[in-house]
Every structure is written in structure tokens, then in C-alpha cells.
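Across the two complexes that follow, chain A remains constant while its partner is chain B and subsequently chain C.
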Partner chain A sequence: MIDIRVSNCNKSYGSLRVLKDINLEIERGEFIVLLGPSGCGKSTLLHIVAGLDRLSSGEIEIGGRDVTDVEPKDRDIAMVFQSYALYPTMSVRSNMEFGLRMRGKPMSEIRPLVEEKARMLHIDHLLDRRPSQLSGGQRQRVAIGRALVRDPKVFLFDEPLSNLDAKLRASMRTEIKKLHQSLGTTAIYVTHDQLEAMTLATRMVVMKAGEIQQIGKPEEVYHRPVNLFVADFLGNPGMNFMKGHLRLDGGRVSADVGAATLPLDGYAFEVAPVAGQAVVIGLRPESIQPASVQMSDGGAPYALTLKPILTEHTGSDNLVVLAMGEQEIVGKFPSDMLPKLGEPVAIGFDLSRVSVFDAESERRI
Partner chain B sequence: MRRFLQRHMSQIALSPSLALIAIFLYGFIAYTAAVSTTNSKAFPRFDNFVGLEQYWRLLHTPRWHVAFTNMFLFGGLFLLVTISLGLVIAILIDQRIRAESFFRSIVMYPMAMSFVVTGIIWQWLLNPTLGIEVMVHQLGFTSFRLDWLTNPDTVIWALVVAAFWQGCGLVMALFLAGLRGIDEDIWKAAAIDGIPAWRVYVFIVIPMLAPVFLTVVVLLALSIVRSFDLVVALTNGGPGVSSDLPSVFMFDMAFRRTNLGLSAASAVVMLGTVLAILIPYLYAETRERA
Partner chain C sequence: MPALTNALPRRSGWLTPRRRKAILTRGFLYFLLVIVAAFFAGPLYILLSTSFKTMPEIQSGGLMTLPHEPTVQPWITAWGEACIGITCGGLKGYFGNSMVMTIPAVLISVMIGAINGYALAKWPFPGARFVFAALVAGNFVPFQVVLAPVAVTLRTLGLFGSVEGLILIHVIYGIPITTMLFRNFFLSVPNDLIKAARIDGAGFFWIFFRIVLPLSPSVIVVALILQFTGIWNDFLFAVSFSNPSSAPMTVALNNLVNSNFGVKEYNVHMAATVIAAAPTLILYILLGRYFLRGMTAGAVKG
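Up next is the complex of A and B:
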């Protein structure tokens, strides 16, 4: 069942087009993450769903009802902000109660509800404090609590964890995920942090310059990016890109990238390959390992002998920069395998994970 | 020697200005306090010590009572009118209106004028034979009367209106800065919670402006105690002494009635009044910082 439908949505500020013809359908209970670099329009899209921004053209439906011209308060949504946006002059309790009181709910119903949600978020001992007396993590819990008591049809999160330190961010991330699993409420979550996007999303929407680039499950977007932008935006360290052109020998397709010719027999082309077509071959660092390491599909890797020119320890792995003809690629080695600089090693390429892009259109082929 | 210089450079650099402040500010405050204990007339003389007699006389001078009461009456009204209207204007300008800087300039312009000019402008405007009254009469409303300047009971309002006209810009600017400093997400959260705008102002935004209120009150309070030129230009204390303020009283005693002792005593009382306002403020400020 479709819970939120965004149809042909456009938004311009003067001559600046912030959103270009956005179409998005969200099923009930989904956790949708809008991901993209700053200025890509993801927050604007969220604000438009919330009703805080008016769209220039298009339609928004929530729960089967056209809400394009409906006030935010009547859209049955709740929102959590990056800056928490707690009312600083009120206690935590009043912050959580205020929205319900404005809706004319009797205090006898509000009180137990607020206390229940506060217990759920482990902030019940903070109810009589002011927001200024709380830590960042506690404030964000209160902000989530304020959204929870409203029991809305849709939760909207606008980069809620960006103001927290790395460790707290990770633990709040898990909690938001747990919360969503137990409540099952539809959620839209805006972030520029790909780790948050990958871990939280049931489906993610990658945006750039006001346009949706790709919608899909996190693993799908990660392994089968539709264009160079998505491929480059996701992953840390980023995907390796090797420039080359296609070769067709009989029925077999391969890619000549200068230093090597990579066989693409297993690759499922979406567009029929053309001989001599200029392409960019994308391969994630974790698919470039020592030849002795078992590949993800259990098959034998495509092996090459390359010279390491730089290594970096990240703790869990070693990142190894390898010279491949004119180009440099990065491989992710297990932490116990540290190659000597300048001494060629046998490298295995897991070509079942490869992505091929047309060099001109930058689209996946 | 070099090490001494290095270590004490900041003190050395500051000492001339400290010396000047010590002499010309605190020195003369002490001097004034000393004069107030003498029977000085046109010139300060220290051979005639009278103790606190000047303060006693001040307490029994009806004109001083008028001036001192006026200060609180004028001050209270001025504070109330300027803060409430200044806040309202700031809120109106904050509504993302068109030509915002135009309206902001209009409100701010009187601030660029000296109180003397303000006083003269309003003297003309309120003059029953020249200003607004004549204009309204010419429009046909001949029963209209605007005699604030000539009526001892309402003359204080003339001062309040002129001082408000001048002071409103500063107050508006401070409140506007405060309003602009409020996180926009608060407004968004309130919109989603369904809180009407006036309630957001009353329950959330205005309480958040508490530090601005404090600054505004202290600034206005000091300008009330200092206000001298406005009164001189607008009413010159009149009619009679009905719009006298302590500063006018002090000036009059010192330079027209050759009664320096009494004038110095009134100056010391004014300083005490200022300190009574300033010290709690400074105390609160420094405690907040600590």
C-alpha cells in the first residue's frame, strides 16, 4: 500500500531549480533515506513532504489523501531536526506535551502517553529538566520523543544525528533502527552520511542537483550503481575507476584498460556492448585483494601482478595503492597481509562485482 | 630589563589610559562627592564643610521631588512604550516582508539625530500654534486640541513620545537581531506541532529573548537618567518645573543658580540611582560568564 506519493514535484527559488520533476512512491512501513551531497535538494524534498515548503508544481499524497495544499499540522506527520529544535524555555515534559495540548487532547490522556514514551527512550528521569541542561544525545532523544507522542502516520528526520559525535551517532543510529522495527511507521530520513543511509534504509534515494539518481535497496545501490555519480558517492574509500574501451572477440566481451584486458564474460550488460566503445570500469577496493584470498562467489579471481606504491592501515584492513599502467587503483587487503612497497604481488580481481559505465553518458551499460 | 619589559608590556601600554580614567573619571566623581559636602556657591570651596546638609536640603526642595518623580514617571512610561512598540515593530519587520531594509531604515533614522534636534522637531510638531493641532484644524476638525506642551499634567507624554521616536530604532534593531538569532527549526517544529504564531511568540520566542530584554532595559534606563538635552530642547523643564528631570535640575543649580553644593549632591544621588540599576545587571552578567 502506497503511503506517500510524490508526483512530478518541482521547486524553484527564482530561476534556481532546486527540485526537478521528482517522482517517488513510498510503501507503508518503509524507511526511506534521502542521500546526496549538500545542495542536492534532499532537505527541500523533505520540507515539501512536511509542508514547510510549498512546491512550485506537482502533488503530494500522504495516506491516500492529497495534501499538496494542506498545512503541516494537518498532515499527520512528525519531524526531528538536526538542531533538535526543542523549545528552550520549556521543560522536557512541556516540550513533549505542547503539540498534543495544542490539539486539544485532555491532560489525563497526555500525561501517561508522555511518560510511556519517555520510558521507552530512557529519558523519564529528565522530564523536569530544561533542554539546556541536557547533553546532545539526550536532546535528540527528547526531540524523537516529542515526535513519538504524536503517533503520526509518517516520521520525517532531517539529518538528526549530524550534531552528535561519532560514537553517539552510531548508537543513536541503532536505536532509531530498533524504534522503526518495533513501530513500523513509515519514515523519511535525510542524511549526507552514507553509513547512516546504508544501515538504516529499507530503500535509499540518491539525489544530485535536484534530481533522483537512483532508488533502490542499499545493497543494490551499492553494488549496482546506475551511473558514475552514484558509484563514486557511495563507498569509502571510493570505487576504483579504470578508463578503457570495449573489445568484442566472437561472443566474448572484454575491456582494454591499458595495463590489462579485463574479461567481462559474466557481466550482465543492460545495453548491447559496441566494439571500441569508450567505457569506465568500476571496481570497489574490497574486490581487489591478494590473489590468494577467496573471492565472494567462490570462483577463481582474475589475477594480475601489480606493484604496490603506498599502504595505509585503517586498523581493520590495509588499503594498498597499486600502480596499474598509467592509473592507480586501491585494494583492500586483510590486516595481516601487508605487501612490501615496490615489490610486485599477485592481485585478484573479483570481476563478478564489476560495474561498466559508458564514458560519455556516464551511465551503467 | 628586557625581560621586565616583556613581562610587563601590557601593563605599561595600558597605564596612560588607566591614569586618565583614574583622574578624570573617578577623580572627579570623588571631587563632586567632596563638593557636595560643602557650602559652595558659584565656585567650589572646601573651607566650608557642612556634612550632609546639602542632601538634607535636596530632600526638602519641592523642585527636586518633581524632578526625581518625573524621572521614574517618564522612565516607566518610556520603557513600557518603547519596549512594547519596539518589539511589535521588530516582529512585524521579521515577517519576511518586502522592502524590509526600507522599513528598517525608517525606524532607525531618528537614532541618527541628536536629542536636541529631536526636541526641536517635536516642539514644533506639538506647538498648538504651529504643528499638528493647526494641521488638524485646517482639515476642519476645529475642536481638536493637542496641548501636551502647555499642560503640566500631560507634558510628560510629550517627552515620552519624543524619546520613544528617537529610541525605538535601537530597541527594534536589538529585538530584530534577537528574533533573527532564533533557530528557524523552532518555527518549523512549531508549525508541525500546530502552534499558532502568536502562541509561539508568547510562549517560546519572547521568553527566549530574555537576554535582549535585559540589555534593552539597561540601555534605556541609562538614557533616562542621562536625558537632559531632550528636555532642554523640548520643554526646558516647563511649564513651570513640571517636566523637570534630575539632570536638568543639576545643570540649573550649578550654572544658573550658583548653588554648586546642592548641584553636586543631586549628581551624587543620580550616580547612586545609576549604580542601583547597573550593579545587579553587572552582577548577573559576570555570574553568567563564570
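Up next is the complex of A and C:
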């Protein structure tokens, strides 16, 4: 069942087009993450769904109702802000009660509700404090609590974890995930942190310059990016790109990337390959490992002998920069395998994970 | 446990070069401050001491001396008996006029300024920039320029010479400055707060009264003091648009001091001046610390 439908949505400020013809359908209970670099329009899209910004053209539907011209308060949504946006002169309790009181609920119903949600978020001992007396993590809990008590149809999160330190961010992330699993409420979550996007999303929407690039499950977007932008934006360290040309020998397709010719037998082309077509071959660092390491798919990997020119320890693995003809590629080695610089090593390529892009259109083929 | 407090021996000779320098710097600072303070407090001292002197003592000279035989008669005369124009009822009636004019004018102009500033800062509407520019320009209109049109307007409205007319004029000419003050302060209120409240279901005025105003005591005090001082001390509008029964303190004081009948009773004039200045003085003393805080608010992030 479609819970939120965004149709042909445009937003411009003067001559600046912030959103270009956005179409998006969200099923009930989904956790949608809007991901993209700053200025890509993801926050604007969220604000438009919330009703805080008006769209220039298009339609928004929530729960089957056209809400394009409906005030935020009547859209049955709740929002959590990056800055928490707690009312500074009110206690935590009043902050959480505010929305329900505005809706004219009797205090006898509000009190137990607020206390129940506060216990759930472990902030029940903070109810009589002011926001200024809380730590960042506690404030974000209160902000989430304030959204929870309203029991809305849709939760909107605007980079809620960006102001927290790395450790707190990770733990709040899991908590938000648990919360969503237990409540099952539809949620839209804006972030520029790909780790948050990958871990939280049931589906993610990658945006760039006001346009949706790709919508899909996190693993799908990660492994089958539709264009070079998405491929490059996701993953840390980023995907390796090798420039080359396609070759067609009989029925067999391969890519000549200068230093080597990579066989693309297993690759499912979406567009029929053309001989001599300029392409970019994308392969993630975790698909480039020492040939001695068993590849994930179990099949015999394609192997080359390459010279390591730089190594980086990240703790869990070693990142190895390898010279491949004129180009450099990064491989991810297990932490106990540290190759000597300059001494050629047999490197296995897991070509079942390869992505092929047209060099000109930058689209996946 | 060994007594750790005695571990460090006290240095003999407390007047180290560094300390001497600090004392000299401090001393110079105090010296300057005393001079500046004397410059401002001197007239006030003369005002107060003269107001408690008898006329013969004033005529014998000695401006700076304390009164030999202090008397409160000048105060009583100034408040209730002095002749202003053709009536001899002292200042008390005019003090009342000033209060009746100033308090509503201050409250209304601050209230409207706050709502205007809130709308301009937090609810952008088409043409908001133009409205704000017009209001800023309003701050620079010399009041002499508008005297004649205002006189005609007040006469048309039937308010010429009345306290209500003065209130109206002070409210109108107070709105640009209060609006600007509040608008600039409200710009620092995070937009997310307004958005959160809108989603929670609060409207324009709910957000204003429940969320924005409670954040703004300092700027409210600044606006109150600024408006109270300005309107209470105003002479131009008062002398132009009031009649003898509605004249405020400033006009009455002027008439009292400039009357050409009999001897100049300096002690009464001084007492009258202090009475005229007292409300603004008291306001500063009561709210001054908020005023200072408000003036610097937003200067430093934190």
C-alpha cells in the first residue's frame, strides 16, 4: 500500500531549480533514506513532504490524501531535526507534551503517554530538566521522544545524528533501527552519511543536483549503481575506475583497460555492447584481493600480477594501492597480509562484482 | 597525612614588579573612571543639593556646597503648588498626563514592534524586504518634517490636543525602531524551532507567545527602556500637539522654568527637574542590568 506519493515535484528559488521533477512512491512501513552530497535537494524534499516548504509544481499525497496545500500540522507527521529544535524555555516534559496539547488532548491522556515514551527512550529521569541541562545524545532522545508521543503516520528525520560524536552516532543509529522495527511506522530519513544510509534504509534514494539518481535497496544500489556518480558516491574507499574499450571476440565480451584485458563473460549487459565502445570499468576495493584469498563467489577469480606502491592500515584491513599500467587501483587485503612495496603480487579480481559504464553517458550498460 | 598546604613556602616581598605594574594600570583606570563619573554625576549633585536649599541660601552663592538648612519645601511647591501658566497646582497633574500618555504608548509600540519583527524575521512573505527597508527609512525621518501633516491628521481624527492623539503619534513613530530591534533579535532564533512548533500544531501567535517571546526578555527590556525614555522625554510632539489640560511633564517643566513672573525659584525648578527625570532614572536602575545584557546579546555566539 502506497503511503507517500510525490508526483512531478519541482521546487525553484528564483531561477535556481532545487528539485527537478521528483517522483517517489513510498510503501507503508518503509524506511526511506535520502542520500546525497550537500546541496542536492534532499533536505528540501523532506521539508516539502513535511509541508514546511511549498512546492513550485507537483503533488504530494500522504495516506491516500492529497496534502499539497495542507498545513504541516494537519499532515499527521512528526519531524526530528539536526539541531534537535527543543523549545529552550520548556522542560523536557513540556516539550514532549506540546504537540498533544496543541491538538487539544486532555492532560489525563497526555501524561501517561509522555511517561511511557520517556521510559522507552530512557529519558524518564530527565523529564523535569531544561534542554540546556542535557547532553547532545539526551537532547536527541528527547527530540525523538517528542516525535514518538504524537504517534504520527510518518516520521521525518533531517540529519538527526550529524551533531553527535562518532560513537554516540553509531549507538543512536541502532536505536533508531530498533525503534522502526518495533513500530513499523513509515519513515523518511535525510543524511549525507552513507553508513547511516546503508544500515538504516529499506530503500535508499540517491540524489544529485535536484535529481534522483537511483532508488533501490542498499545492497542493490551499492553493487549495481546506475551511473558513475552513484558508484563513486557510495563506498569508502571509493570504487576503482579503469578506463578502457570493449572487445567482442565471437560471442565473448572483454574490456581492454591497457595493462590487461578483463573478461566480462558473466556480466549482464543492460544495453548490447558495441565493439570499441569507450567504457569505464568499476570494481570495489573488496573485490580486489590477493589471489591466495578465497573469493566470495568461490569461483576461480581472474588474476593478475601487480606491484603494490602504497599500503594503508585501517585496523580491520590493509588498503593496498596497486600500479596497473598507467592507472592505480586500490585493493582491500586482510589485516594479516601486508605485501612488500615494489614486489609484484598475484592479485585476484572478483569480476562477478564488476560494473561497466559508458564513458560518455556515464551510465551503466 | 602530611600537611601539603605548607609545602610551598610563601614568597617574601609581595610587591613584585609584575604586581606593581598591575596596580599602576588599575590605578590609572580608576582615575579615568572617577573623572568620567564626576563629569556625569556633577550636574545631578548640583540639581539635588540646590533643590533642598532655601532661596536666600541660593542667592548667597556657593553652587557646590551642601544645603545648610535642608528643606523639602521646594519639592512640595514643585509637586503641588507651583504656578504653571495660569493655574497654580504644581506638576502633579502633568505627571499624571505623562504617565497616562507614556505607559500605553510604550506598551502598544513595543507589542506591535515585537509582532512586526517576528513576522519579518520568521514568516517571510513577498515584499518583506521592501517593508523592512521602508521601516528602516522610517527611523531616519526627522520629526520636524512631519509636524504639519501630523497636525492636520490629528485634527481630522478629532484627536488634536488630546492625550489619545499623543499616544497615537508616539506609537506610530515608535514602531520603526521597535520593529527593527525585535526583527534583528528574532533573526537569531533558530528557524528549526519555528518549524518544529508548526509541525506540532502551533500557529503564528501560539509560536510567538509560547516559544519566541519567552526567549526574548532582554530585547523586551531594551525596547521598553528605549521607548519609555524616548516618549517620556519627548518635547517636540508634546509641545506641538497638546493643550494645557493634556500637556505632559516636559511641556509643564518648560513652562515652569521659563515663566517670566516674579523671582526665579531655582530650588523649585531643580526639584521639578528631578521629578521629571525620576521615572526614567528609576527604570534604568531597576532594569539596567537587563538593558546591558540585551545590548550585547548575540554579539558573541554562545
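One rule holds in what follows: the second predicted complex is superposed on the first by the 365 of 365 C-alpha atoms of A that agree within 3 Å, B and C clash if a C-alpha of one lies under 4 Å from a C-alpha of the other, contacts with A are read in each partner's own complex, and residues count from 1 in each chain.
Here, a contact is a pair of C-beta atoms (placed from the backbone, for glycine too) under 8 Å apart; a residue touches a chain by one contact, two chains touch by 3 or more.
Please read all numbers here as calculations on a predicted model, not as lab measurements.
J.: Could you check whether chain B and chain C clash or fit when both are placed on chain A?
T.: Once chain A is superposed (C-alpha atoms), there is a clash between chain B and chain C.
J.: Report for A:T89: first if it touches chain B alone, second if chain C alone, otherwise both or neither.
T.: So A:T89 meets both chain B and chain C here.
J.: Taking the superposition as given, does A:A259 touch the first partner, chain B, the second, chain C, both, or neither?
T.: In the superposition, A:A259 touches no partner, neither chain B nor chain C.
J.: After superposition on the shared chain, which partner residues are touched by A:M79: those of chain B (first), chain C (second), both, or neither?
T.: Both: A:M79 reaches chain B and chain C.
J.: Between chain B (first) and chain C (second), which, if any, makes contact with A:M102: first, second, both or neither?
T.: A:M102: touches chain B and chain C.
J.: Which parts of chain A are in contact with chain B and also with chain C?
T.: 47, 50-52, 71-73, 77-79, 81-89, 98-99, 102-103, 146, 150
J.: Provide the residue numbers of chain A that touch chain C in the complex, in ascending order.
T.: 47, 50-52, 71-73, 77-79, 81-89, 98-99, 102-103, 146, 150
J.: Report the residues of chain C in contact with chain A in the complex, numbered from low to high.
T.: Residues of chain C touching chain A: 190, 192-193, 195-202, 206, 210-211, 214-215.
J.: Contact residues on chain A for chain B in the complex?
T.: 47, 50-52, 71-74, 77-79, 81-90, 98-99, 102-103, 146, 150, 158
J.: Where on chain B is chain A touching in the complex?
T.: 183, 185-186, 188-196, 199, 203-204, 207-208
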